[in-house]
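Across the two complexes that follow, subunit A remains constant while its partner is subunit B and subsequently subunit C.
Showing the complex of A and B:
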C-alpha cells in the first residue's frame, strides 16, 4: 500500500516542480504582484496617508483593519474552544490521573529566568509599540509577552505563573483586547466615518487626520497584543494540565 | 552567488527536516524537528526581506507552538502508532 501511495505523491511533486518554473523571478518588477495597481498605490500613498514608515503594519492595521480584527477574534475563539473542550473532559475524569510536582525549582534556572523575564517583557512592549517603524506589532509583541509567562510556568511551576496571571483574568483580558479594537472602530463610526476609519478620530483628539490614523493603529495593536498574550498563556496552562490548571510539567 | 548557495542550503535542510519530522516515531522528537523547520522558514523569509513574516514565524512557529506541542505530548502516549 505504501509503495502505491508513493506514485501519486511523486506525480504531484513533479507537477508542482513543473508548475513552479512559471513563477516570476524573485523580486522581479515584472511579476503580477508588482504590476497590480494595488501594491503601487500602497507604496505611493501609505506615507502620505498615515505617516507610518512600515507599510506592512499600515496595511494590516489600517487598510485591512477589518481583516485583522477578525484574525484576533479567530485567536480568541481558538483559545475559548480549547478551554471549553478541556474543562468538560477534565470534569469527567477528575482525580483519575493527578500527578504532583515534587521537584523543587532549580536554583540556577530560576535565577537566570529572574534576570531574563524583565528583558523579555520590555522587548515585548518595544515590539508592540515600535511596530509602526520597525518589524513587529501586536501579534508578535503579544506572543513574546505570553512566552514570558510560559517561561515562569516552566522554570517554577504553573501555580507560580497563575498567581501572576490568573486563568479567569486571561479570559477577561482576551475579551478586553477585542473590545478595545472594535471600540476604536465603533468610535470612528460614531464620529461620522466608516467602521475602522481612524481618520475621523482627529475630531476629538488634537492631532491631524494622518496622525490620528498613526495613533489609532497603536491602539488596535495594543488590543491585538492583549488578546494574544492572554490566549497564548491560557492555551499553555490548559493544554499542559488537561484543563485542571494544577500540577503540570 | 553566495545568496543563491545559502538559499539552496536552507531549502535542502527544510526538506530534510520535513522528512525527519514525518518519519520519527517519537512525538517529542517530531515536535522539536518542527521547531527547526519553522526556524529555517524564518531564516528564508528574513533573507527574502519579509522581516515581519519572519518575526511572526520565529515567535509563533518556532517558539510558542513548539512549547504548546511539547506540553500536550507530556499528557499523551509518546509513540506514534504507524
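Showing the complex of A and C:
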C-alpha cells in the first residue's frame, strides 16, 4: 500500500518540478505576479482610494471585502459545525474520567499568566486597531485575543476560562462579528452605493469619502476580530473536552 | 555544473523555493494517501497547506522591494515620521498621489499576502472541524485507524443487512458496491435463474438446472457475506417458480430445504460474529 502510493506521489512531484522550471525566478520583479495590473493598481492607488498605508489591509477589507466577509463566514460555520458535531456526543463516556489529570493549577504558571494576559490582550487590541498602518488586522488580532483565553484555560482549567468567556457568549460574539461586517456592507448599500462600498458612509459621517473607507475598514476588521476570537476559543474548548465543556485539559 | 541555463542551476539556485514547496507538498500528499491513521492524514493535510502557502508567499517576493506598507514619503497622511525635511512635508501635504511605475517596484506584491492571510485562518478553522470529526469517529468506532473503521462499518452493515435485503434487491446495491466481486456475481446468477424459472415454469428439464445452478452459485460464494441478501431474495422468487412444475420430489425438496436453512444459519453466524468481535476492538 505504501509503495503503491509512492507512485502517484512521485509522478505529481516530477510534474511539479518539471513545471517549476518555467516559473519566474526567486524575487524577480518581472514575474507575472508582480507585473500584473491588479497588484500594480493596488500598490499605486491604495493611498489615493482609501488613505490606508497598509496595502494588505486595504486589499483585504476593501478591495476584496466580499471575499473576506465570506472567509469570516467560513470560520463561523466551522465553529458552529464543531459545536454541532461534538455537542452531547460523549454521554456514554462521562464516567471515564481516569485519563484526565486533575491537579491544582501551578502557582508559578498561574501568576506568570496573570501578569501576561493583560499584555497579550492589549497587544491584540493594538494589532487589531493598528492594522491600517502596520502589519496587523482583524484576523491577527482575533487570533491573539483568542490565544489569551486559551492560555487561561491551559494554565488554570477550562472552567476558569469559560467563566470569563462562556460558550454561549462565544456563539453570540461570533455571530455579532459577522452581523457587524455585513451590517457595514448593508449600510453602505442603503446609502446608495453597492454592498460593501464604504465610501458612501461619508454621507452620514463627517469625513471625506476616502476616510470613510478608512474607518469602515476598521469596523469591518473589528467584526472579523470578534468572530475569530470567539471561534478560536470555542474550538479549543470543544475539542479539548470532546464537547463536554468541563474538565478537559 | 552551476553555469547559466543548466538544469541544476535553474532548480537549485534560482528556483529553490519551488523545489522546497514541491517537497513539502509531496510529503503532505504521501501522508494523506498512505497513512491509515486519520490524525496523520490531517498532519499531512496541514503540511500540504503549508506548501501552498509557501508557494504563494514566495511568488509574492520582489527583489529590492519593501513590505507592502507605504514608506513615510508615500504615506497618504503625510510624512509625519520624517519631520526634519521641510520640503517633503509640503509635498505630502497636498494629499496622496498615485505612485508612478518606478515606485511600484519598491513595494512587494500585497495580493499573495492577503490571500494567504485568510487561507491560514480558514485553514485553522477547518482543521478544528476535521479534529472534531475525528473525535466523533473515535467515539463511535473506538479507533481512528482507517482500515479498522472500514472493517467495522462493513461488519455493521452485514448485521443490518438481512432485514434490509428481503425488501428488495435494489436496496442491497449500496452494500454490494463495497464488496464488488462476489456480490455482483451472485446477483447476476440469481436474477438469471429467477428469470429462467419464471419464463418456463412448466418444463421439467430447464427448472432443474436452474435450481442446481442456484445451489452451486450459493455454495461457491457461501463464505462471502453480502451474498445472502441476493440468495435470500432469489430464493423467495425461485421457490414458487420451482414448486409449480411437477418434478420429482428430490430436486424440489432440496432447494426448499436449503433456501430456508442456509440464509438463516448464515445470518445467525454473522450476527454472532460481529457481536463477538465488537467488544474486542474498543478495548485496544
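As a convention for this text, the second predicted complex is superposed on the first by the 233 of 249 C-alpha atoms of A that agree within 3 Å, B and C clash if a C-alpha of one lies under 4 Å from a C-alpha of the other, contacts with A are read in each partner's own complex, and residues count from 1 in each chain.
Criterion: a contact is a pair of C-beta atoms (placed from the backbone, for glycine too) under 8 Å apart; a residue touches a chain by one contact, two chains touch by 3 or more.
As the structure is a computational prediction, the values presented were derived from the model and not from experiment.
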| item | value |
| --- | --- |
| Subunit B versus subunit C as contact partner of A:135, first or second or both or neither | both |
| First, second, both or neither for A:235, with subunit B first and subunit C second | both |
| Touching partner for A:120 - first (subunit B), second (subunit C), both, neither | neither |
| Touching partner for A:17 - first (subunit B), second (subunit C), both, neither | second |
| Partner chain(s) touched by A:147 [first = subunit B, second = subunit C, both, neither] | first |
| Subunit B versus subunit C as contact partner of A:56, first or second or both or neither | both |
| Partner chain(s) touched by A:26 [first = subunit B, second = subunit C, both, neither] | both |
| If touched residues of subunit A are counted for subunit B and for subunit C, the larger one | C |
| Touched partner set for A:68, first subunit B, second subunit C, both or neither | second |
| Which of subunit B and subunit C A:9 touches, first, second, both or neither | second |
| On subunit A, the residue positions that both subunit B and subunit C contact, one per complex | 26-27, 54, 56, 135, 137, 139-140, 143, 232, 235, 239, 242 |
| Contacting residues of subunit C [partner subunit A, same complex] | 7, 10-11, 14-19, 22-23, 25-26, 29-30, 33-34, 58-65, 67-70, 74-77, 96-101, 103-105, 107, 109-114, 117-118, 120-122, 124-126, 128-129, 131-133, 135-136, 139 |
| Of subunit A, residues touching subunit B in the complex | 26-27, 54, 56-57, 127, 135-137, 139-140, 143-144, 146-147, 150, 154, 232, 235-236, 239-242, 248-249 |
| Complex contact set, residues of subunit A against subunit C | 1-2, 5-6, 8-10, 12-13, 16-17, 20-21, 23-29, 31, 33-34, 36, 38-40, 42-48, 50-56, 59-60, 64, 67-68, 71, 74-75, 78-79, 81-82, 85-86, 89-90, 92-93, 133-135, 137, 139-140, 142-143, 210, 228, 231-232, 235, 238-239, 242-243 |
| Parts of subunit B lying in touch with subunit A, wherever the complex brings them together | 48-49, 51-52, 54-56, 59-60, 63-64, 67-68, 71-72, 74-75 |
